[in-house]
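In what follows, chain A forms one complex with chain B and a second complex with chain C.
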Partner chain A sequence: MTDDLAIHSVAKSFGGITALSDCSLEVRAGSITALIGPNGSGKTTLFNCVTGFYRPEQGDMRFGDAVLVGLRPNEVVHLGIARTFQVTRIFKNMTVLENMIVPIRQLGLRTLFTAGIKGHERQRAEELLEFFGIAFLRDELAGRLSFGQQKLLELAAALMAEPKLLMLDEPAGGLNPVMIDRLTAYIRELNAGGMTFLIIEHNMGFVMQLCEPVLVMHRGRVIARGTPDAVRANPAVLDAYLGD
Partner chain B sequence: MLLQLEGVIAGYGSGSDILRGVDLSLDSGAFTCLIGPNGAGKSTLLRTISGLLRPRQGRILFRGRDIGGRRPDLLFRDGIAHVPQGRSSFAQMTVWENVLMGAYSLADQRQVDQGLTQAAELFPIVREQRHKAAGLLSGGEQKQVEIARAMVRQPTLLLLDEPTLGLEPRAARVVVEKMRMLNQLGTTLLLVEQNARMGLSAAKWGCIMELGTIKLQGMGDQLLNDPQVKRLYLGQAAESA
Partner chain C sequence: MRIDRRWRRGWPWAGLVLFLLVPLVQPEGFYLDLLMFTFMYAAMSVGWDIMGGYAGYVSLGHVGFFGLGSYAAALLLVHLGLPVFLTAPLVGVMASILGAGLGFISLRTRGPAFVIVTLTFTYVAQLLMLDLKSVTGGSKGLFLPLLDLPANLVIVPFYYAMLALLVIAVLVSVAIRRSKFGLGLIAIREDEGKAEASGVNTSLYKILAFAISVWFAGTAGALHAQYLNYVDPDLAFELIITLNLIIMSLFGSRGIVWGPVLGAFIIYPLSAYLIFLLPSRLAGQVHLVALGIVLVLVVMFLPDGLIRSYQAWRRKGPIDHRPVEARASIVEAAG
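Our next item is the complex of A and B:
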């Protein structure tokens, strides 16, 4: 069984506002799938449902054989799904290096007695921090980093767990263009090594050159799916999102 | 010269210097875009100009007067408005109440009315959605409300920190159009933008910041077409954006 993410007829509402309704989509293992759509179309809500932050009212979500509905966020992580947030959620009062270790520590009695950071953990963390150009900040409190640097840290930390599926919520937002290029190349490299990606993004240059397929959400459901060129030429997508 | 920075050095708490000697001049009516790598000090520069951060060294002259270390509320009265990064509207308050907050420091009711009328003319959404809670607006609409709020006192200098961040392409284009319009009407703009191509095409003048100093500056379209600037700062990914 391959690790496809299959979402079927998921619904989620907040008070009277419907965020997702009859939302179905599939992310094939090994793909770099993009999820685009207007602000408020339900993209982040879908991420929150998949990763256990919200529980959908209806529908089915599976990752390979595993049923995702009802799992807690930490249980979803253990299945091999990691994510980043649109507004970064790092530990502001921990150092950059400590932030890198958090995602790979599992809760348990043993953790309580494991002091400090192990050699191989540090090495991997250093490599990732180096790649994203923030290794010189390793001992700085994370809250002191600039917005863009915090985003890079969150991304690096999500990669520490070596997930099978990495879900990125607007990874390019707030990053400088050269770093976006590096990120593009790195995602390709990780993808060649077998990692699957589901990416929410408004930067169309980034999406169009990196992702396939591209899924388009509008009013809580997926309205189009196809290659970047096909989606760009789809009148419904132009109308709902891209404009002219 | 409306704004002049000379050798400005600044940082947070007891931390190291983020700004390491910034020299920058803005003429009245300028539209300048600051670009540069993450952590270069762009947001810190805006905070130092608007008074949220006190410079450790150097001078900041606004209309010829040294304003370094002056309180942000006083600087707002002097004519410097700052729209920070991310969302900064009051989510539970209505759109109209949000914009009204921009007039908080005005004592003269006539001036308040005049400012509100003007803000609503520049940003029709302020009137159209006046009774709606700001938190219920889309990201692009909220950003317009934030800029409208900053415009109520009719500032001379408007500082904008990544106003298009997280906005869908159409909404981002609306915000860019609004910036152009405000500038044409006489407001001096200093814009920080990671979407460097968009920022440089909208602005007349571009400055590249790196490691806490202004490394290079020039006409926006000149920088856009400079091969070295392209390679070092603009990259490929945003090419078709």
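Our next item is the complex of A and C:
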């Protein structure tokens, strides 16, 4: 069984507002899948359902053989799904290196009381920080990094959990074109190593050059799926963005 | 640099040796009593800080565990004849188990629910001790047998026991700070949702931290009961004890091993001196007002506490020791 993410008929509402309704999609292992759609279409809610932050009211979500519904966020991470957030979330009063160590998976109570940063963990963290070009900031407080550096740190830290599927919520948001090019190159390189990506993004240039397939959400469900060109030409997608 | 490092590593041990020698020079009196209570508050503050400082969850229930520790030790001594110096650590374990149970209920949620549950726990525990008259003596309290020691030497074993408790508290706090567990707790304090998304089992971490944290309160309560040879619900569950722990931690700096120790070593002697100076009919009330004022002043003018404020002041000094690249990145961030 490959590590596909399969979501079937998921529903989630907040009071009277329906965020997801009969939402189904599949993310194939090894793909860089984009999830686009107008604001309020349910993309981030879907992320939150998959990663255990919200419990859907109905539907089924599986990652490979594992059922995701009912799992807590930390349990989802241990299955091999990591995520970043729409608004960058890092531990601002911890150092860059400490930020990298927190996501390392702990097995059993005994490992909790082992050294905070072990040699091989430091080495792996350094390698990843080097990969993203921020290794020289290892001992800085994360809150003192620039916005772009914080985005890269969040991404690098997510990789410390050694995920099979990485879910990125607007990774290019607020980045300048040079940083976006760097980010694109990093994602391509990680994907070539076998990592699957599911990316929410509003920057269509970024999506169109990097992702395939592209899924389009509108009013809580997926309304289109296909190659970037096919999606761009889909009238339902144009309607969703421009209004009925 | 080397001298600085040696000094930083050496001064706690030098302090410990000094404190070990004090009873040999002066085995009784006000100052020994003052030091003993300072150790007790410092140990409990360090314990409180494991939950309140590292994990960022403010507990108002530590005095509940202190009081239950007092009663448990007293009952074990009165009914079973078990000496407090033997049972105190076990009473601490009992407090930890109870703390884990309370944490299991209250720490599954975030935010102020924990504060309210811990405060409620304190009052429930106090009411229980008040109402279970046949066991606890109700409002009359329980009298404990005196230690078989000359009156002027009675304080010495308590002095060393409280000092040992403080040493254990500091060592445990250091061990936690240097462990994965400590990193996880600080991550919880910083951003609990993000910590969960990073794979930290936040419920387990918080329950474990709370269980460790209240061990010190339970153990201190047991020793305190024997030292006074008496326990009653008002004395054992005085909310001012928890408030003291919080003020000491805030004043010294939360989430830093030595922060609560420094806070206790400043706040307790000052408040004891104030009580000593004032007429006894005024001392209690004025002392409370003074503590309240200190709390307000700390929150207003020293929200990060003494140690962090000092560290920040040092960082802002004229010499920037950070690498050039790092400084450049900060400039970029600011620009």
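The rule is short, and it goes like this: the second predicted complex is superposed on the first by the 235 of 244 C-alpha atoms of A that agree within 3 Å, B and C clash if a C-alpha of one lies under 4 Å from a C-alpha of the other, contacts with A are read in each partner's own complex, and residues count from 1 in each chain.
Keep this in mind: a contact is a pair of C-beta atoms (placed from the backbone, for glycine too) under 8 Å apart; a residue touches a chain by one contact, two chains touch by 3 or more.
Source: prediction; values computed, not measured.
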{"item": "Contacts of A:P103 with chain B and chain C, given as first, second, both or neither", "value": "second"}
{"item": "Which superposed partner A:V10 touches (first chain B, second chain C, both, neither)", "value": "neither"}
{"item": "First, second, both or neither for A:N176, with chain B first and chain C second", "value": "first"}
{"item": "Touching partner for A:F147 - first (chain B), second (chain C), both, neither", "value": "both"}
{"item": "Chain B versus chain C as contact partner of A:L71, first or second or both or neither", "value": "neither"}
{"item": "Partner chain(s) touched by A:T51 [first = chain B, second = chain C, both, neither]", "value": "second"}
{"item": "First, second, both or neither for A:M61, with chain B first and chain C second", "value": "neither"}
{"item": "Which of chain B and chain C A:R89 touches, first, second, both or neither", "value": "second"}
{"item": "First (chain B), second (chain C), both or neither touched by A:M208", "value": "first"}
{"item": "Shared chain A contacts, counted only where both chain B and chain C touch the same residue", "value": "144-147, 149"}
{"item": "Chain A - residues contacting chain C, complex", "value": "51-53, 72-74, 77-78, 82-83, 85, 89-94, 98, 101-106, 109, 111-116, 136-137, 139-140, 144-147, 149, 157, 161"}
{"item": "Complex contacts: residues of chain B adjacent to chain A", "value": "12, 15, 35-39, 43-44, 85-86, 138-140, 162, 165-173, 194-197, 232-241"}
{"item": "Chain A to chain B touching residues, read off their complex", "value": "37-40, 86-87, 133-134, 144-149, 151-152, 170, 172-181, 184, 202-206, 208-209, 241-243"}
{"item": "Contacting residues of chain C [partner chain A, same complex]", "value": "175, 177-184, 186-187, 190-191, 193-202, 205, 208, 322-323, 325-326, 329-330, 332-333"}
